Amino acid sequence: MKFIDQLTEKFSRQIAMKTSRRSFLTGLGGTLIGGASIPLLPVARAAENGYPGVATQTTGNIQDPGDPSSCDYWRYCAIDGFLCSCCGGTQNACPPGTEMSPITWIGTCQNPADGKNYIISYNDCCGKSACGRCLCNRNEGDRPMVRPQANNDTNWCLGTASTSYTCSTAVILGTALE
Amino acid sequence: MKFIDQLTEKFSRQIAMKTSRRSFLTGLGGTLIGGASIPLLPVARAAENGYPGVATQTTGNIQDPGDPSSCDYWRYCAIDGFLCSCCGGTQNACPPGTEMSPITWIGTCQNPADGKNYIISYNDCCGKSACGRCLCNRNEGDRPMVRPQANNDTNWCLGTASTSYTCSTAVILGTALE
Amino acid sequence: MTTLKSLVATACFFCTGALAADDLPVEPTPNVVTLPSEYSKDWIFAQDLNFVEPVGGKIVVLDVAADTRNYKGAMNASLFASFTQSTTRPELYSAQTFYSRGTYGDRIDVLAIYDTATLSPVDEIILPGGKRGQTMSTRSNLVMSGNDRFAFVFNFTPAASVQIVDMVERKLLEEIQTPGCSQLYPTGDTNFAMQCAAGGMSVFEIDASGAFQKRHDTEAFNDIDDNPLFVKYARINDVAYFPTFLGDIQPIELKDGTAKPLESWSVLTPEEKAQNWRPGGWQVIDGGDTDGLFYILMHADGVEGSHKNGGSEVWVFDPETRTKVRTIPLPNWGITIAVTRGETPYLTVTNGNFELDVFNAKTGELLRTIGGGATQHAFQLFPVE
Amino acid sequence: MTTLKSLVATACFFCTGALAADDLPVEPTPNVVTLPSEYSKDWIFAQDLNFVEPVGGKIVVLDVAADTRNYKGAMNASLFASFTQSTTRPELYSAQTFYSRGTYGDRIDVLAIYDTATLSPVDEIILPGGKRGQTMSTRSNLVMSGNDRFAFVFNFTPAASVQIVDMVERKLLEEIQTPGCSQLYPTGDTNFAMQCAAGGMSVFEIDASGAFQKRHDTEAFNDIDDNPLFVKYARINDVAYFPTFLGDIQPIELKDGTAKPLESWSVLTPEEKAQNWRPGGWQVIDGGDTDGLFYILMHADGVEGSHKNGGSEVWVFDPETRTKVRTIPLPNWGITIAVTRGETPYLTVTNGNFELDVFNAKTGELLRTIGGGATQHAFQLFPVE
């Protein structure tokens, strides 16, 4: 699911201490923080240290750097939704009891460890209630619904037993041809 | 519905500026403020000025004083739920499209205008989603579920087509015998 | 255990005996508010998507002009529902999806009909096949035909199609395949246009009985790669004004059942362009107020991907003269905007706290903020038409 | 329009050709995490009531001991659901209510069975009659019999009754009328006790086949008017410790199918009594850690009606010696508490921000806060038994 994409004044007040107004307003990322169900975005890479109340993670592979429970993890360059890493899944696996959607949208993200561009498939996990944790939205390359395969405003729980959206993964399909 | 009954630290931080810690901790009322769906209570009469983002109301009758969209309105002495006054209803009427529960719990509240004690019936309005606005909880006289007619932890949408709770009213049944 | 019904009766028995002449009167139950069948044009419908539990989405009816009692009522709108209103019948429509066990089990899609006076679901048309397109709420997933007879429902599976429903007969008609096209823009009495992946629009010709006749494609004019049209637009008379990511306005004449692209123009001065002012937000544009203006939500320092960031200002344009007539700064940021259609237009803005800021659209004065949990995530606003 | 499936296939076709030896590998899909069938006793179940949309309630499985990946998964728990766990089968149970149109339409109540490893609903028993009691989540609306065979479901219409379900056969058995009584406290292999309006407890005798035999009432001991027992309790071995509004502890021996009130005592010193320290919150007490202690959530300056206000401290008692062994100050207030049953007990507290604060229960050290929207309103916590 790739729905949220907005900035909140409340968030701006919270984040303003960490980041300049300019970088805030020009940022691309998005997070959902707090238990308050307020989508607070974009975060302008302000979520570099992850989400409050969410413990940091690593992949355990230095070739796959960063924190999969943080919005700025390299694979999430075109993600939009709740990060499965924060919801009982991982960056490439769905939480227990959900079904991974076979129909996805695709991004091309650069891995900072090897400098290569990877094709990332943003498979949604479906069938349970929305996770509500670690909402992350990055709209680089997003295009309106008229180009659905590049659109993140659509509920991509398609081809699954239920269209109820739970969270989103970022699965490596391979490296991109230049 | 009479479910929420708790105090939040966040709220305490917000309210602490207006009220002493002591009155805060000893208070009985409860409100839900903000668009953030955080139940923030008890408010210790801190909601005297109503809820942020909710315009004040009057009954239009000086014998029925106070603001029916505020948790400290006199009739709400034993209410627990979203105030219908904030949800398209009034202090004694349900919002459009909901059904008023015929089975209620009862409070006895003193009207500051005439000093009399009135018997108030807290009829729930049922059948739509929870309103989510003006959550108010005052536990005076509340007793555990073993005495259900005095218990506000129960979903009182009973005897209605749907048990889905929307909001709560406070209807005058008459004056109480002393 | 004494049942509570008898307990209430007992309490009432006691009290009525004690009622003195000057006591507040006993109040009748049940008591449920009704609304006028015809709504004020100062009212709007705010669609709360409720991201944390989308099956709990709803449409909240709000009087944005009133000083008090702004919240008039609500209707369910489950799981990325679509919404539209009849302009000739006292009815509101919401296309929704339900599962028999909340988020799993058997799926049913329905087009629910709500009565304006009671906000009750008075009827529903079942939409077969589990095809209803579920997206962030747009105004173009579910629309009424120009003559207010047919509802068009956008399907996405991801194959695109449109279901036609006769809302007078309350009867499902045919499903039209609309490959490569998205969103619905009525034109003429019964036709609708769609944006299509090849960069043009297509008009789907529907006859008076609701039967599909044929498809007409325009030339391509939408640079989807580099400067795409938003799917949101402001409609003023018979012209749809679509903004683009980079701040152009693409007018499309939607008249007599056709769609005709007109000359595009930019809302930006060279200085503003240099500062990368761009439209941004969810419903980034609205129009149709009594002055014939459109309102567009703008942010500075725009970059690729900032098109949903919201904005710090609303710019007001006269589309005839292509001039900016007003700038309305938003003290609390803006995500989605709408302008009411009544005599005094009210600019309503879903702000950064997900409250609604209401401005006098003619003066830019902030009149009130409607919040307190009235909606959780009101990403879409529909003015009463 | 190209379907997206083929688009993905195309992308993959391109990329696999380009994979070099040191590239990150292609990752398999579908890929879904599973959990161990038997959970760690460092885990808890947090019930999120989600007040803004109760049909979106859920149970979240959390590892409170881990430094990372605390959120293990979730199950639906719709409309003031009840929850309990099997101690002998890899199953979790949730009694829920669904309407065919979300909040209206046809009602169905089910006792859903979730598999611990997959958190999938593997089966359900339909609960007839639309009677399921819907309340703020307690641990005593749905319980398993002592021998883990029968589920008891509390009904409230407002007539009180209990539905017996055989969870081995997955079969509905009889409904017992329980007038005047509420909440369920298992005793012995198959019996259960309830708190009753006359001020005593009643034991409902159930035979090995799940059939009701007879009811036994205790003397009255619960001063519901002036100092009532909470319906929440800490169970340590065969004794249930019920706190009262004014800070007394009423132990009830629940053993061999009986309920026997033992001598009550106060957790308060005279000084504390003078300061009006009282228990307060939702789940105000828990016990059953490896040290045999109970934990109670306390606030000062208590008054009539403050019994759900939460608390600033957790007091830890040895019920055998009736002595306070520890005070754990809560930096973020507390609403509901639970203590895990593993070797190192973890005190988990739903704090004033509706996040979960996790303390080492033996030292009182705050170890971590689990938040970020993991739950919206986790009013009830169930330690893995």
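Residue numbering begins at 1 within each chain, and the chains themselves are lettered A, B, C and D in the order written.
Rule of thumb we're sticking to: a contact is a pair of C-beta atoms (placed from the backbone, for glycine too) under 8 Å apart; a residue touches a chain by one contact, two chains touch by 3 or more.
All of these numbers come straight from a predicted model, not from anything done at the bench.
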Intersection of contact partners for chain A and chain B: C, D
Most widely separated chain from chain C, with each centre as the mean of CA atoms: D
Mean-CA-position distance for chain D and chain C (Å): 41
Whole-Å gap separating chain A and chain C, where each centre is the average of the chain's CA atoms: 27
Whole-Å separation of chain centres (CA-atom averages), chain B against chain C: 32
Multi-partner residues of chain D (each touching 2 or more other chains): 1, 3-4, 52-53, 55-56, 76, 102-104, 121, 158, 160, 197, 353-354, 373, 376
Junction residues of chain B, two or more chains touched: 34-38, 103, 128-130, 132, 135, 148
Residues of chain D touching chain A in the complex: 1-5, 7-8, 11-12, 14-20, 22-27, 29-35, 52, 56, 58, 61, 66-76, 114, 117-121, 353-355, 368-376
Touching residues (chain side chain A, partner chain C) in the complex: 3-12, 22, 25-28, 37-39, 42, 103, 127-130, 132, 135, 137-148, 153-155, 157-158, 161-165
Complex contacts: residues of chain D adjacent to chain B: 49, 51-55, 79-80, 97, 99, 102-105, 107, 130, 133-136, 138, 156-158, 160, 181-183, 195-197, 222, 224-225, 228-231, 281-282, 299-310, 312, 332-333, 335, 351-354, 376-377, 379
Chain D partner contacts - residues on chain A that touch it in the complex: 32-37, 51-57, 61, 63-64, 69, 86-90, 92-100, 102-106, 111, 114, 116, 118-119, 121, 123, 125, 128-135, 148-149, 159, 169, 171-177
Complex contacts: residues of chain D adjacent to chain C: 1, 3-4, 50, 52-53, 55-56, 76, 78, 96, 98, 100-104, 108, 110, 112, 121, 158-160, 179-180, 197, 373, 376
